[in-house]
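Two complexes are shown next, each including subunit A; its partner changes from subunit B in the first to subunit C in the second.
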Partner chain A sequence: MLKLVVCIKQIPRVTELPWDETSGTLRRDLAPGMMNPACKHALEAALQVKEHYKAKITVITMGPPAAEEVLREALAMGADEAILICDRLLSGSDTFATSMVLKEAITKKCPKFDLILCGAYTADSETAQVGPQLAEELDLPAAAYVEKLEIDGKTLRVRRLVDNFRETLEMEFPALVTVSMENYKPRYASLAGLGKAFDINNFTVLNAEDLGLTASSIKTKGSRTKVRKVFLRKAQKGNVLLQGAASVVINEFLDKYQRKIGTVIGKSIEENKHDDEK
Partner chain B sequence: MQLNPCTKHKLIRDSVRNFAETELAPIAAEIDRTATFPRPVIEKMGRLNYFGLQVPKEFGGAAMDSVSMAIVVEEISRVCAAIGLCVTVHNGVAVYPILQFANPEQMKAYLPKLASGKWIGAFSLTEANAGSDSASVETTAVKKNSDYILNGTKIFVTNGGVCDLALIFALTGFEPGKPQSSVFIVESNYAGFLRGELEDLCGMRANPVSSLFLEDCPVPASNLLGKIGDGMKIGLATLDNGRIGIAAQALGIAQGAFEAAVKYAKERQQFKKPIASLQTIQNYIADMATEIAAARLLLYNACALKDAGAPFGCEASMAKLYCSTVASKVTSLAVQIHGGYGYSKEYDVERYFRDAKVTEIYEGTSEIQRLVIARTVLSQWIF
Partner chain C sequence: MKKTSTMMKSRKKSIWVFGDYRNYYQNRVTLQLIARAVALAKTINAEVCALIFGYKIDEWIMEYTAHGADRILAIDDPALKSYSTERYLAIIETLTKQRDPDIILIGATDFGREFAPRLAKRLKTGLSADCVGLDITEEGLLLQIAPSFGGNMLAEIVTERHRPQMATVRPGTFKEIPHDYERKAIVEKLPLMKGLPKPRVKLVEYERSVEKEHTIENASVIVCGGRGMGNREKFKKLQELARLLGGDVGATRPVVYAGWAEHGALVGQAGKHIKPKILFSFGISGAIQHTAGLGEANFIVAVNKNPQATMLKMADVAIVGDASDVLNNLIKELKKRIRE
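Moving on to the complex of A and B:
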């Protein structure tokens, strides 16, 4: 039986959230939560694997007590067991600390996994780092932005879209993939499934101590990023109307704006930077 | 009674909201305009148990409590009241009486089809001369061999145009001094079961409301629901439950209109500032928010009583009366906040405004709710 682990995250269900000026973090408490969309696609990918092969799906999240909601939703969609890592000591973890904690949880609770699936990125912070960092922590072959998975015995074949081309990669289990939102449109949880999700006993809550993490170890190995400043960059747009014959307008346009569209027509970023400084 | 939603109720709300916003929001205005019953979405909803909300799992239902059921209806109606109506009538007044009064054979025969949404149910009491006065039903059922032969005309049947099964109230005789009615489970494929044209209604236009004609329609005697003469009992119990559903629907409409109004008030600039910064508009918003919150508590109170097995008829009437009144008021204010745009079909509040009115009329008018409430207060409440 294949053992699949899906790492999911609860994010605020709005596109714009105010942030706390002093800590520089988002005021997540103001919005209801939801499962991060890419994580939901990753879960759907796992569910589709389960439809074709014998598989057991464990969903894991780290978050506040309210993150139970996304785990229950995952159970309602068809996951088999859920693990919530919840501890005040872990609040404010950056991607490095998060991947370290996930590694501890996976090593302790599902050491014999075949495949870990993560969302390619989260809609609230969009770093796309936790998946690859977790692969580093666990020393696994990994592929990010995967849009299709095929399993052939112990081999995993993945297709992914990067920089406007598609590539197919093969790797051996155990492995890690991060799933993009190209395919694997998530199924809706049925209402009966939602009811059943609360009857499932395979729901474990772990704290830092359960994972062998102490306040001091979290401090030394924990979050390495600090938010120095948060600011809203104001878009400064203006309209310019060029008038006249086509050849005149095009020449005028290139004279005025060629440097600004440099990246589009292939100039290096360094060159642009240089131009801007001038 | 728990006032804060539990995780389960929160998750059900989120999940239904996600479905409604993804699947219903894009089509809601169009199916209203063209008065179309959206079969493909209904089929999807069937697969997700929306038509078996309180049906036990053994018959393929979701076996939900009443608060959950109210949340489902509320969230669908928040986006598309006509489909909320289809769901609440099917679950609340077609499936519910079968759950309460059917014998095991009838349950086995009908609940799986209804719970999966493969069959849509309807409840058919109203006639030209029998609405609030439900004892004046003129449709008759006469025993002939192993059948009852039904004759009569039912009007304003919600889901009538598409129903596969209708619970028909018919006269089966006279007790001393008053008519005796009974309820029959009638399949739409029975000979003599005919549908009228769809009604051209002010709101809820995507729901196929029609008349039903019963012309020498033979119904097997085994399809009698409950016993002969149970009509009034089944009718009253069913309407108590149905009122919870309509209250939830009205609440959903109010919530949808309210959210649209708040969004618009923050965006719409007049006098070089958003109209939400004007105290007049703020007063409207404060009243809408408060009344919706009060309506929701009344509704969940009725649901909690029902789930606890306590009498809930009076509380269901209070919830229905208040939620529908709030829906009409809030949708009207939402149009007002939108100004001229709110009177245009380009904005959803125009539809919400039309949809809200009927919640004060069907499943017992507001006047009938007051009658039920006053009757309970005067005869049963001890201070």
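Moving on to the complex of A and C:
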């Protein structure tokens, strides 16, 4: 039986979030969450493998207690068991720390895995780093941005498009892939799946101690980067607000920006007085 | 653990730039990084060193020298004929142990973003992703400015205690130094290290992709529409504005699902990431699924009847009003003003 592990992440559903001024991190607790789209594609890839081979899918996430929701959703979609890693000691982890924690959990809870699937990147932090760093932690052959995977015995063949090269790669299990959003359009959770989603026997919660991590070992093995400041990019924006009758607003807009637009499109734009006088 | 060699301490600081020479004429990110490294090196009194691993690489040695590198570390070997994450990892790990660079910069190409995280993990150091700015702090640390939330927010990141400090940097962030083929660099041609692990990932097939990309990704003007356009007929008018401006039409997911636009026009997280010089946004509220694709839009003009819409907050020019009404007026007025 193939043992598949899918790492997923819950991300906030909104664009702008309040952040904690002192720590410089986002107040994720203030927004409703959703499963990161690329992670959902990774799960779909695993589910499609399971349609063809005998396989067991474990989904795993690290996050606040509310991250349970995305695991339940994954179970409803067809995953077999779920692991939530949840501990205040782990909050604010960068990708270096996150991949270390995921390794500890996978080594303890599903050491005999064949394939780990991650989303190619997340929509919030967009680092695309956890997958490759987890591969390094576990010393696995790996491929990022995978569009299609095929399994032949112990061999994994993947296709991907990177830097304008279409590549086919092969590696032996155990391996890790990060899945892009080109293919593997996620399914919806079925009604039958919803029952499974709330079966308590397939849901495990782990804290740092369960993983053999202490405050001091997290400090040594944990985050390498420090976020000093987070700021909205709009501070650099034009911040011009126009309102009123559409025709007036448009004239005002063009008077101010017609030269800029003209430069970009390579044509001259200017008010034609003669037309107005006619 | 303390560094054992005292010689290392006396060595001049070094900023390494990974030579990502594939697609050289389209992808200038390595040259852009060399240019930025040259500026940073002045503030911390360091040298700029370009790494080139491959087979028959003299051309790149010449190019990186001409574009500003002080030193080149090159390994020219048939075993390195194609890019290999595993081989490069082992090589840089060895070189890092020998030479102790202060900073390693890698272009945020697909390859760079797959390779750099693994390298950072192997070197047990920090890495920030897809930076859109680099600087040196007062304490002499590399300040890494990385986007987050589809570019709506920026984070200032430092790696305080671990070395090297590492960042991947988005192509186009910095300007390359014009080439000067008279420039000289110290070129060290190194032999391929012995005992490198055999790569476990086999490249079975590869070809340069001939798939023609939808032009929306390269368009300098894009007119995007959302549900706020009202209906399919009104949405179609966006095409007229796009034509006037020589641009393309983009769409949000609800609009694509409603059949007002083709899937190829989808802009955002599940669709195209665009980088127009001017983006017009009509009747779009600004959900993250859409705004995630707008991080590189240079100048945004947004129209929405809701003054609180996220899209208006992101815009350089925010117009509060009915999207379709404003669009019609804009088309009418542009037709009067544009001189062919």
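Just so we're on the same page, the second predicted complex is superposed on the first by the 227 of 278 C-alpha atoms of A that agree within 3 Å, B and C clash if a C-alpha of one lies under 4 Å from a C-alpha of the other, contacts with A are read in each partner's own complex, and residues count from 1 in each chain.
Definition applied: contacts are C-beta pairs under 8 Å (C-beta built on N, C-alpha and C of every residue); 3 or more make two chains touch, one makes a residue touch a chain.
Worth saying up front: this structure is predicted, and the values here are computed from it rather than measured.
Colleague: Between subunit B (first) and subunit C (second), which, if any, makes contact with A:P32: first, second, both or neither?
Modeller: In the superposition, A:P32 touches subunit B alone.
Colleague: Now for A:A76: first (subunit B), second (subunit C), both, or neither, which partner does it touch?
Modeller: first
Colleague: Would you check which partner chain A:N251 touches, where first means subunit B only, second means subunit C only, and both and neither mean what they say?
Modeller: So A:N251 only meets subunit C here.
Colleague: Between subunit B (first) and subunit C (second), which, if any, makes contact with A:F165: first, second, both or neither?
Modeller: second
Colleague: When the two structures are overlaid on chain A, which partner does A:M1 contact: first (subunit B), second (subunit C), both, or neither?
Modeller: The answer is neither, since A:M1 touches no partner chain.
Colleague: Going by the contact rule set out at the top, does A:P141 touch subunit B (first), subunit C (second), both, or neither?
Modeller: It touches subunit C, and subunit B stays clear.
Colleague: For A:P132, using the defined touch cut-off, is the partner it touches subunit B, subunit C, both, or neither? Pick first, second, both or neither.
Modeller: So A:P132 only meets subunit C here.
Colleague: Given the superposition on chain A, which partner contacts more residues in subunit A: subunit B or subunit C?
Modeller: Comparing touch counts on subunit A for subunit B and subunit C gives C.
Colleague: What is the contact status of A:G195 with respect to subunit B (first) and subunit C (second): first, second, both, or neither?
Modeller: In the superposed model, A:G195 contacts subunit B only, not subunit C.
Colleague: Output the subunit A positions appearing in both contact lists, the one against subunit B and the one against subunit C.
Modeller: 13
Colleague: Going by the contact rule at the top, pick out the subunit C residues touching subunit A in the complex.
Modeller: The touching residues are 22-23, 26-27, 85-86, 109-111, 113-118, 120-122, 124-130, 143-144, 146-162, 200-209, 211, 220-221, 245-247, 269-270, 277-278, 286-289, 291-292, 299-301, 307, 310, 312-322, 325-326, 328-330, 333-334, 336-340.
Colleague: Would you tell me which residues of subunit A are touching subunit B in their complex?
Modeller: Per the stated touch rule, the residues are 13, 32, 34, 68-69, 72-73, 76, 188-192, 194-195, 197-198.
Colleague: Please name which positions on subunit B make contact with subunit A in the complex.
Modeller: Those in contact with subunit A are residues 7-8, 10-12, 14-16, 18-19, 44, 47-50, 52-53, 57, 61-64, 68, 72.
Colleague: Residues of subunit A touching subunit C in their complex?
Modeller: On the subunit A side, the touching residues are 12-17, 24, 37, 94-96, 99, 123-133, 135-137, 141-145, 157, 161-172, 181, 223-234, 237-244, 246-247, 249-251, 253-254, 257-258, 260-261, 264-272, 275.
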